[in-house]
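Going in written order, the chains are labelled A, B, C and D, and every chain counts its residues from 1.
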Amino acid sequence: MAEKLLEIKNLKTSFRIKDDYFAAVDDVSLTVNKNEVLAIVGESGCGKSALAFSIMGLHTRAKMEGNISFKGENIVGISPSKLNKLRGKNMGMIFQDPLTALNPLMEIGDQIGEALLLHNKELSKTQRKEKVIKLLNKVGIPRPEYVYEQFPHELSGGMRQRVVIATAIANEPELLIADEPTTALDVTIQSQILDLIKDLKEDMDSGIVLITHDLGVVAEMADRVAVMYAGQIVEIADVTTLFEEPLHPYTRSLFNSVPNAKEAQDRLHVIQGIVPSLQNLPRIGCRFAPRMPWIDGEAHEEHPEMHEVKPGHYVRCSCYKHFHFPEESKEEEHHGVS
Amino acid sequence: MGFLKVEDLKVHFPIKGGIFGRTVDHVKAVDGVSFSLEKGKTYGLVGESGSGKSTTGRAIIGLNHITGGNVFFEDKEITGVRKAKSDIRKDIQMIFQDPYSSLNPKKRVLDIVAEPLRNFENLSRKEERVRVQELLELVGLSPESILKYPHEFSGGQRQRIGVARAVALKPKLIIADEPVSALDVSVQAQVLNFMNEIQKELDLTYMFISHDLGVIKHMCDQIGIMYKGRFVEEGTATEIFENPQHIYTKRLVAAIPDIDPRKREEMKKFRAEVNTEYEQAYNDYFNEEGLAYSLKPISETHLVALPEKG
Amino acid sequence: MWKFSLRRILIMIPQLFVLSVLLFVLAKMMPGDALSGMIDPNVDPERIEELRNQLGFYDPWHVQYASWVGDLLKGDLGTSFRFKMPVTELMGQRIVNSFWLSLATLILTYLIAIPLGITSGRFNDTLRDQLITGYSYVGFATPLFIFALVMLWLFGFHLQWFPTSGSVAPGSVPGTFEYVMSKLYHLLLPALSMALISTYSTIQYLRNEIVDTKQKDFILMARSKGASESRVYNRHIFRNSLLPIAAFFGYEITLLIGGSIFIENIFGYPGMGQLLLESISQRDYSVVVGTTLLFGIASILGALLSDIILSIIDPRIRIK
Amino acid sequence: MEANSANVELQSKTVTKTPSGFSVVWREIVRDKLALLSLIFLVGISAFVYGTAIVLDQEEIVKVDLFAIYEAPGEEYILGTDYGGRDIFGQLIIGTRNSLSIAILVTVMTGFIGVVFGLVAGFFGGHIDNIMMRVLDFFNVLPFMMIVIVFVAIVPKYSVWTFSLIMTAFLWMGIARLIRSRALQEKELDYIHAAKTLGTSNIKIIFKHVLPNISSLVIVTMTLNLAANIGLESGLSFLGFGFPESTPSLGTLLSYATNPQTLEYRWWIWVPASVMILLLMLAVNNVGTALRRATDARQRRG
């Protein structure tokens, strides 16, 4: 049986806009096991990044409710010093844009070394440098001694991302959060970085939360997948099940709207309407209902819940049972302005 | 012959340096590129960042200064036409990547879409309004939106306004520079479908520039792969994706994540093989500067930048 | 970095050239010449005319310019007709005073501005921030000379805490401890007046820079490494935001020159600014040209200094 | 964290904010009570000084009256008299009018030069930009106060016009630099590229596309410059290098305070002018800052 590393229960993260709080992450529950990649997939504004930041405790001005337990201990609302003992040591994070994630005025070696310094005070300066060089080697950076003294702007995008990864894994964390780690990179670099993350995972036996919008990346990397829409998880399943039998209407629509390099499609599916903004999220009923108006309103639950369809495969709302794609002729593109 | 023909196109940017800020070297963004477009078809230009694909598109339409080579449009030379009021401004139009910055935020939709009409056609206010409304309807927006500002639209809708503006003068060729890369997948599908429809309706030719191989494969008939300012391979979609010949293309195609999770191991192995081949054969396929050789035909439609020796 | 500095110094040469031409033209436009001061009813006008010929007053302008620049390079700025002494010598005394005043002003400015800017940026949108921003804003909107007048009136005349004019108590013997203390005492009020007003740009720059830097991804990255808030601020935010302040140091010189003209005038402080004003109103033009030249060169050098400091501290410019 | 929540906010703003000019600016000023008060003060004071200045006889006010030297405020002279027996109150009104007028004049002239210079340098870039920036750099390193004083001292036939021209000549660089850097950013945006491919001429692009998009920056900068120019003019007049002696100005009134006797004992000569300068500068700055806030919110996503 897999060992539970992270367990999130009913997490709600809200941001303040004017005088009200709006939940960007709304009632999310999930688990991540050791040596497992959980991919969280969704379009921009669905709350996947907000979720990642919540786990790392990086929201300073958000209201967080619910439970995030890391190795059995709740980390929502714990003191900053306790959190800082976990961050960088037990949990590491890889950011989307490696250029902005590195301090432009600090040498590469110092930036990676900082992670070591903070959690391992015994290391001498030379030991630290040795270790940093080892890390640079590990993430596949050529001439590490040289790169040690360089500044971020002197490296290419792929190399920068390797530096960010080296920093995240400096203390061999049990949990790694990767927030769109390859979105800013070219496709050949992407495959290298993904391979690197996979190898590191095997190496360190850690759990990975992979945030992405790219279904290809999901298929390549994930063991299990959670699909997010409008702040909620709408479907969770292991990766093969999800790709072979997606159930939730959103998941199915998403799959059909992506042009696929491997097989030709005549026409892509278009999801009607637009992604609602945080303030305009439908908070009652099925959140995806407005985007499939051809489905009878009766099909939805009043308070959509997650249903376990098969062991490990959960779907929100019962509307999936009644979902079908609109017929070609009826498919009217989104006309006019909403 | 030929609809659009590009011959040995070169775009070099000077690098200033040294104590006097003189030009010390050039970035060869585009370095000897030749290809031609067939009327009514979609030509895809693919490459990674810095490959020169966008620069090529911009040079053709006159946004980048051309260092060398020729561009012919319907057998007329249009190389480096920079004059504002020339015919190619009517015949060739562009769709831009960023739906936010490509529309002037201070202008209403009416003014945005009417800009080309005002430059080339003397229409009365009323005629102009009617034309703009027709154009908006064509791209699936309600004619009432003419008095709105760009920020009142979503990304996908803005991209359609951009298209409406581009087709206002009934152009023959549209250069689309990463038209969907700033959009979410579901919106992307919307714009791609719609571009396909409008192509049939208006008999357009597209030059589609993208880094996304999935999108390119979905849209294009003929594809050119660029690397460091040169072509490494050119062919039909099937030829490029099923039978890539150049090691760079092979590697690029292999790097596309497969959407079948079951094939994961297989893909990993395949990718490793391709990478090994790439590293071993690198010196054969690229010259001392790391640039590709010139294209040689291996079939009627399939051209590959094979080593000089053969 | 060496390349950058060298390039930057080369840019300075045309600037100096244009400055010298400008001053030369100004000098020519000024009524009177080097001999007007000597004009004496007893001297025969023909003799003066002869002297003028000898000194090259009727040469073509470029010849005159060349000899003028030649004199400058030799350190000959002419003679003050009011003080009947070489301009260089006259300025020598005043420069020292102005230098100490400027130095004191700079130190006080940074002593006040940096802690306030840091507090304001770190605790942005709190009461503390609003108070500091309010102070610097009022400082920004208050002209220096009004503020200086009020300071002089309040602390000089009304409360009589500070002397109201001069740079040292009359009768002090140079070299003694009392002399130094008296100098400092005379400096304090003018320097403080100028410093309190000129903190605005530094405070606001620091504040905005810190608020901006706070939201950068690399700050999130530092937090995700487990860095405590104080470390995040000290190691990442303050460091990155303070470095550019060092680079503004040179530009401050131009501002100081403008300010010193007011301050020295109001506080009766015998420095270069006061000398300039006096000489203009006394029509002592060789001194005017001399001081202007010196101020101009100081500003150009200040800008140079700033650019070079910036190139040293910012690796993005350094490595090129 | 903030970056993220800002993003969220941004998305919601995209839908609600309108970019159209005055309503937003007006709302911002009205919401900011201090700015509203400042605006009312400015309008009021301008109406008053320009109105009364028509009635007041400048000749009469600047005439020396040896029988009324240094009179304290009282029945006859609301704010007393100066060393020449001239009415301070009258000088204050005319001085305010003069100071305001010249500050506005200089602001408009520097604004015009700065905008044109900045737009041309920024939009065309390359060699043109290079040369123009060299020129600008040179003007920029000159210490403003010093150079203006020297010019004022030696210029023949000195008048209010030459004074404002001299000030303008050494004050246009700030706005030019600002406009240039914005124009540089702006011209890399795709809507400018689009305009080029649509056959719009460069002149049209500069004035119809770039200018409207930086207009808010121009207005804000010019407002803030106006405040600074009021200070600069009064400073120069204070030193005796501003308005010609026969023209009353706020700075001239203050310059009487360089006489220690006046500074200590005759407050009515210099305090009202100081307060007037301070109030004017604060008020204009308040309005400028409110404008900046209004435009910033819009600039998030126009």
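One rule holds in what follows: a residue touches a chain if its C-beta (ideal position, glycine included) is under 8 Å from a C-beta of that chain, and two chains touch if they have at least 3 such contacts.
Everything numeric in this text was worked out from a predicted model, so none of it was measured.
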> Moving only between chains that touch, what is the shortest number of steps from subunit C to subunit D?
Replying inline: 1
>> For the interfaces A-B and A-C, which has the higher count of C-beta pairs in contact?
In response: A-B
> Hey, how far is the Cα centre of subunit A from the one of subunit D, in Å?
Replying inline: 51
>> Could you work out how far the Cα centre of subunit A sits from that of subunit B, in whole Å?
In response: 31
> In angstrom, rounded to a whole number, how far apart do the mean CA points of subunit B and subunit C lie?
Replying inline: 55
> Touching two or more other chains, which residues of subunit B qualify?
Replying inline: 152
> Which residue numbers or ranges of subunit C touch two or more of the other chains?
Replying inline: 216-217, 220
> Residues of subunit A touching 2+ other chains?
Replying inline: 53, 58
>> Taking the touch rule as given, give the residues of subunit B at its contact with subunit A in the complex, in rising order.
In response: 48-49, 140-142, 144-145, 148, 152-154, 156-157, 184-190, 192-194, 196, 211-215, 217-219, 241, 251-262, 264, 267-268, 271
>> Please output the residues of subunit B touching subunit D within their complex, sorted ascending.
In response: 58, 61-63, 84-86, 89-90, 92-94, 96-98, 100-107, 115-116, 119-120, 149-152, 162, 165
> Can you list the subunit D residues touching subunit C in their complex?
Replying inline: 1-3, 6, 134, 137-138, 140-147, 149-151, 153-154, 227, 231, 234-235, 238-241, 254, 257-258, 260, 263-264, 270, 274, 277-278, 281-282, 285, 289
>> Under the definition above, what is the set of subunit A residues touching subunit B in their complex?
In response: 43-44, 157, 186-191, 194-195, 213-217, 219-220, 222, 239-240, 243, 253-254, 257-262, 264-265, 267-271, 274-275, 333-338
> Which of the residues in subunit D end up touching subunit B in this complex?
Replying inline: 14-15, 17-20, 189-191, 193-202, 209, 212-213, 301-302
